[in-house]
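Can you keep this structure in mind? I'll have questions shortly.
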Amino acid sequence: MSATALPSTDDPLLVISAHAGDFVWRAGGALALAAERGQRAKVLCLSFGERGESAKAWRDGLDLHEIKALRRAEATSAAAVLGAEIEFLDAGDYPLLESPELVDRIVRVFREVSPAVVLTHTLVDPYNGDHPAAARMALQARVLAQAVGYDAPGEPLGAPPVFFFEPHQPEQCDFKPDVLLDITSVFDRKRKAMECLAAQQHMWDYYTDLAKRRGVQLKRNAGPNLGLPHTTMGEAYVRLYPQTTSVLA
Amino acid sequence: MSATALPSTDDPLLVISAHAGDFVWRAGGALALAAERGQRAKVLCLSFGERGESAKAWRDGLDLHEIKALRRAEATSAAAVLGAEIEFLDAGDYPLLESPELVDRIVRVFREVSPAVVLTHTLVDPYNGDHPAAARMALQARVLAQAVGYDAPGEPLGAPPVFFFEPHQPEQCDFKPDVLLDITSVFDRKRKAMECLAAQQHMWDYYTDLAKRRGVQLKRNAGPNLGLPHTTMGEAYVRLYPQTTSVLA
Amino acid sequence: MSATALPSTDDPLLVISAHAGDFVWRAGGALALAAERGQRAKVLCLSFGERGESAKAWRDGLDLHEIKALRRAEATSAAAVLGAEIEFLDAGDYPLLESPELVDRIVRVFREVSPAVVLTHTLVDPYNGDHPAAARMALQARVLAQAVGYDAPGEPLGAPPVFFFEPHQPEQCDFKPDVLLDITSVFDRKRKAMECLAAQQHMWDYYTDLAKRRGVQLKRNAGPNLGLPHTTMGEAYVRLYPQTTSVLA
Amino acid sequence: MSATALPSTDDPLLVISAHAGDFVWRAGGALALAAERGQRAKVLCLSFGERGESAKAWRDGLDLHEIKALRRAEATSAAAVLGAEIEFLDAGDYPLLESPELVDRIVRVFREVSPAVVLTHTLVDPYNGDHPAAARMALQARVLAQAVGYDAPGEPLGAPPVFFFEPHQPEQCDFKPDVLLDITSVFDRKRKAMECLAAQQHMWDYYTDLAKRRGVQLKRNAGPNLGLPHTTMGEAYVRLYPQTTSVLA
Amino acid sequence: MSATALPSTDDPLLVISAHAGDFVWRAGGALALAAERGQRAKVLCLSFGERGESAKAWRDGLDLHEIKALRRAEATSAAAVLGAEIEFLDAGDYPLLESPELVDRIVRVFREVSPAVVLTHTLVDPYNGDHPAAARMALQARVLAQAVGYDAPGEPLGAPPVFFFEPHQPEQCDFKPDVLLDITSVFDRKRKAMECLAAQQHMWDYYTDLAKRRGVQLKRNAGPNLGLPHTTMGEAYVRLYPQTTSVLA
Amino acid sequence: MSATALPSTDDPLLVISAHAGDFVWRAGGALALAAERGQRAKVLCLSFGERGESAKAWRDGLDLHEIKALRRAEATSAAAVLGAEIEFLDAGDYPLLESPELVDRIVRVFREVSPAVVLTHTLVDPYNGDHPAAARMALQARVLAQAVGYDAPGEPLGAPPVFFFEPHQPEQCDFKPDVLLDITSVFDRKRKAMECLAAQQHMWDYYTDLAKRRGVQLKRNAGPNLGLPHTTMGEAYVRLYPQTTSVLA
């Protein structure tokens, strides 16, 4: 079998997100692309972002229970727009505490989904400690799920590649893009998903501008001769592991 | 057009090599794979490696002229085994001197070949200054060839991705593989090409062992479930520019 | 409002220190300068350094209780000399254990002080694990204190810049100074504060020599034409976040 | 004299730019801010960017002489809008060749202008070899100009800080912002200067979006409490040398 | 006393290993060399590798108890072949959980053995989280054991140098060898120790090939004139702390 | 033969220095130690530092010829105090221009001396471009001298280890010490050699303080138990190539 076969519908995409909104801004395009190709696309939200990413709701006087419900509803809508499943572990945020129990819950998701590709946060983010905590747990769970001796239901996981999605201030997180993903064909859907997050309106334009910016870079790196449209939109990713392939391109 | 179409026969592969033997040890698999797929595969040797990589010939008492002829003959045979064209610029080695004139000659090769993929040396190599010199010139020539205002025949170059091939002591050259290339199907041909370099017999096994080692890593990173054979052979590469794609895999 | 207004008396400086003595050697000049300008200057000591930084006291046969009292007294005197307040959390050292409870206590200090500038240890120190542990907790607490949804008294914190102060073996801690602070005018006071730490006499000269060395570098980087005195004394810092300003200088 | 006095009108700002347009996109805000404060602001263009940055003019059929004249006119207009002087060395581009003679010409500019602050390109740019070449020469000339024994008119230079301005694809150039400069008050002027570069219309919006993006980050790093306006615009810089100061802020 | 005296029999070597097999593949040569010189050589295995490194045993249907016994037996045999003592802490693997209690147990081993040299895993390993966890605990314990105030039996530890041994995919673990150790004279013994690990037969050749590869590099770096035999075998290490010496060589 | 034999009198030490004074401040201890052991110790000064390192002489009104003579005399005295030979290439400084001819002259020195150890400047120094230029030429010459095919008298060079000596502002030059050399026994001689450089009196104390500082670190890294005297003096070095050895210590 070739090392470079493209993903098929048997090849799920799993996004592990610290808070309810992260997957939309940072990986919405990748999710929508996978869903369009018929891949199973699943989002695992470790928390609702109820404390750290819900400033407006707190200022509006909602209580913790109401905020969690609000964030769950928004994220569920956004996932639906993208064509993705979503699951919440409600592990709490700010801080998102690392624990063997939470890692074990993530292992079980890995074993159940058996993803062919995994997306998560960067390991460095001086603006938000929950993001690296989520990433560390996701990576640890992926390795544990590979071990036949790890006591959890399901088959041992293979070795799905891991991509870190783009943090809010990429340079400060040592994020140097390895991959520029062409999301032009699904950008409208990503925009609609962003608009499900009603309280963060200033982010809609920020991440639309970012998609344009990554699109310009994508065209520049793909080569002007490739004929990519002027309106190319992109998302940036960093690989954790080396790419395996049988074609250099 | 998609950002991820695989290379076709219209998509030449260009390898820029400081000395006559480098392309065999470091990129022989990539060349043979490209040739098998029907891509044009071309090697540009900036020098014959007549001073720095021909110790045995000097000890055997050959003169400069004879050594160049010997190295040319060996490299030509090796290229033929791999299915690649080869051109020599005879720019001298140890040291390979950087000059605007030599860069201009490389620009002209870029314009003539219009490669879709470029392979060259790493920018760091504390064991051999010719290697980084070749890489610097290759990269400079690639950028110059892109400019419509650069005065050389042919159309401006697109933006072919650049891969650095593996140096002799990779860690000391800050070489952290980004891509593991499956060369199992063409390894026999690479071995035959290596054997064309008669004076460097100790290298045949060293680079066969390396291909095994990169093959083991390729299997580990591709995932045990992928069913790659036990005898997988690999070559390692580092990307200079971000990959552009419409599928994460 | 400008991004570059200098700190006023409304702008407290907060130093978070793993042990009782660290703030003196590493940030004594910054504290004295702030106090002289009329800023509130506060030191938060997470522990007394009773196990890891009190070798002489242990050799002299004091018990844990006595050593804590001794270190508290010394650090309190040193802070007074510098014009700073001091608070001890008595969280234990060697090891200083990270916990959500301890982080929460630090959050509460952030909310109470509302610092305009924060100083703490580097994130890397292979000679002393308590230092990075203190830094990680300080940074986590700073981010938590910013969230309106974090359940602690007081207003959400702004975004005070963070400076890492100089570790004992800077190069081994990947400490590359971003800022050289001119402490000439308060160096006498820093020296007196150092002398409050009676058991560590060998450090008085080591850190006086260091201040000279950083002073020489300060003059070199500020330019010989600037007319800084021959006796310039300095402290070195590394920024965690980018400087915000409306003037490049 | 203090290490932190803000620049006065005696404190010129010097921007050293490889091509005629670079200073507008990358340092237009800094130039306009300096000019508004009454500082002398000077741009030194090593070339016109006649080959590498004038694709449209070549496609329109202009010859080399015409393109240089066009680029000179555009850059002169842009500098005037920003309130800056401009000088062209016409050293050729693509490639911009490094030579002792060209470095000597730059030394003489340093000696004549005696800048208090220097801005130039980054030392890494895999998309454009002229940018690092300009930076290397600028840095070498600055050091040479400091030596009393260097044979050129004028007084030895002090030690002006050097800031690298932002390249087109910052992460790929290892550009991690150290300084976010608030250019809100002069952004209109920067936009007008950009519009002087008629052939590069797609860049106007790209760099307006970038200014917004850096503005958002500036607000985030300065702290929400600082009351910066929603429309804050920014430019990003990296320092080469440590900042010297007598206040941490 | 000189800073460069070679180790004597009073100078124990301590290897801290996450799992039962690691010390064989990665430090078997160093252990055998020390034992041959008459140094005490001790291996501390934090776990048996019962879950993460025993895939074949699980597939063969053994239970946890049986697997631990098997791994203990194999590792004990391998240590004996190398001439080393071995102790197991049975702390569990996959994940190896960090705790103050486990660190304290390691401190006590440090105090008891008083090693002159310490070997452990790298701090980065994206393929196996137990390895960095073991390294972090080993390093923390070493620092704690140095403090006279740390409450454990025995004398405070000196400052034994720490060497990281080679991980399975060195480049991906940022492993850049600082030291190439000549293990030619004891390689047969290392091979026999590897063969004690019956279930991991594919590793015997992988690590034999690696020893050859490191041997070739050792000869290259030592200089061809040194007359090292063609069959030189090596192990690679990275230093954590600077070497102290009175001779540069 | 062992990979770890200590240097004998057949093992020359070669220091390659950009200017006449560098070898004293940065490698004086290593030179004196080698000379005391009976090794041949040789300094190669590429220039006299007549423009860049002789500010006082220029201010005193000496002309170029007089300054070169002065610097030659001082450096010759200092070398004599250290027990070292010295040779000047008078290649000019500020800038020290790189050329194939100068590299060839250095190759011939390598072939003549056949050093067992080589010391030179760091490859990064933003304060002095001549230092990296000297280092680049020294490293290139070392590699060329190894090639049997390089046309220069003498036998091909082996593979002598290269150590970078300490620059003036080490952190800004990315200088992270790998080796701390104990120079206590020869420090008086180093001090006397420094005093031969009459015009740079401020440096005598700066580098005496630095030797104390590196001595404190040496004791800390060697371990308090080793009994090094309180007055230990040190020099710091960075290795370019991995150490080859048969003992870990």
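The letters A, B, C, D, E and F name the chains in turn, as written, and every chain counts its residues from 1.
Rule of thumb we're sticking to: a residue touches a chain if its C-beta (ideal position, glycine included) is under 8 Å from a C-beta of that chain, and two chains touch if they have at least 3 such contacts.
Keep in mind that what you see is a predicted model, and the values were worked out from it rather than measured.
Chains that count as touching both chain C and chain D, per the definition above, are A, F.
Chain centres here are means of the Cα atoms, and by that rule the chain farthest away from chain F is A.
Spacing of chain D relative to chain E, judged by their CA centroids, is 52 angstrom. Between chain B and chain D, the centres computed from C-alpha atoms are 37 Å apart.
For chain D, the set of residues that touch two or more other chains comprises 127, 172, 177, 217, 220, 241-242. By the document's touch criterion, interfaces exist between A-B, A-C, A-D, A-E, B-D, B-E, B-F, C-D, C-E, C-F, D-F, E-F.
Contacts from chain B toward chain A in the complex involve residues 1-4, 6-7, 13, 30, 33-34, 37, 116-117, 119, 158-161, 163, 177-182, 185, 217-218, 220-228, 236-237, 239, 241-249.
The touching residues of chain C, when paired with chain F in their complex, are 127, 168-172, 174-177, 206, 209-210, 212-213, 216-217, 220. Those residues of chain C that touch chain A in the shared complex are 100, 103, 139-140, 143-144, 147-151, 240-242. Listed in rising order, the residues of chain D touching chain B in the complex are 50-52, 54-55, 58-59, 67, 94-95, 97, 126-129, 172.
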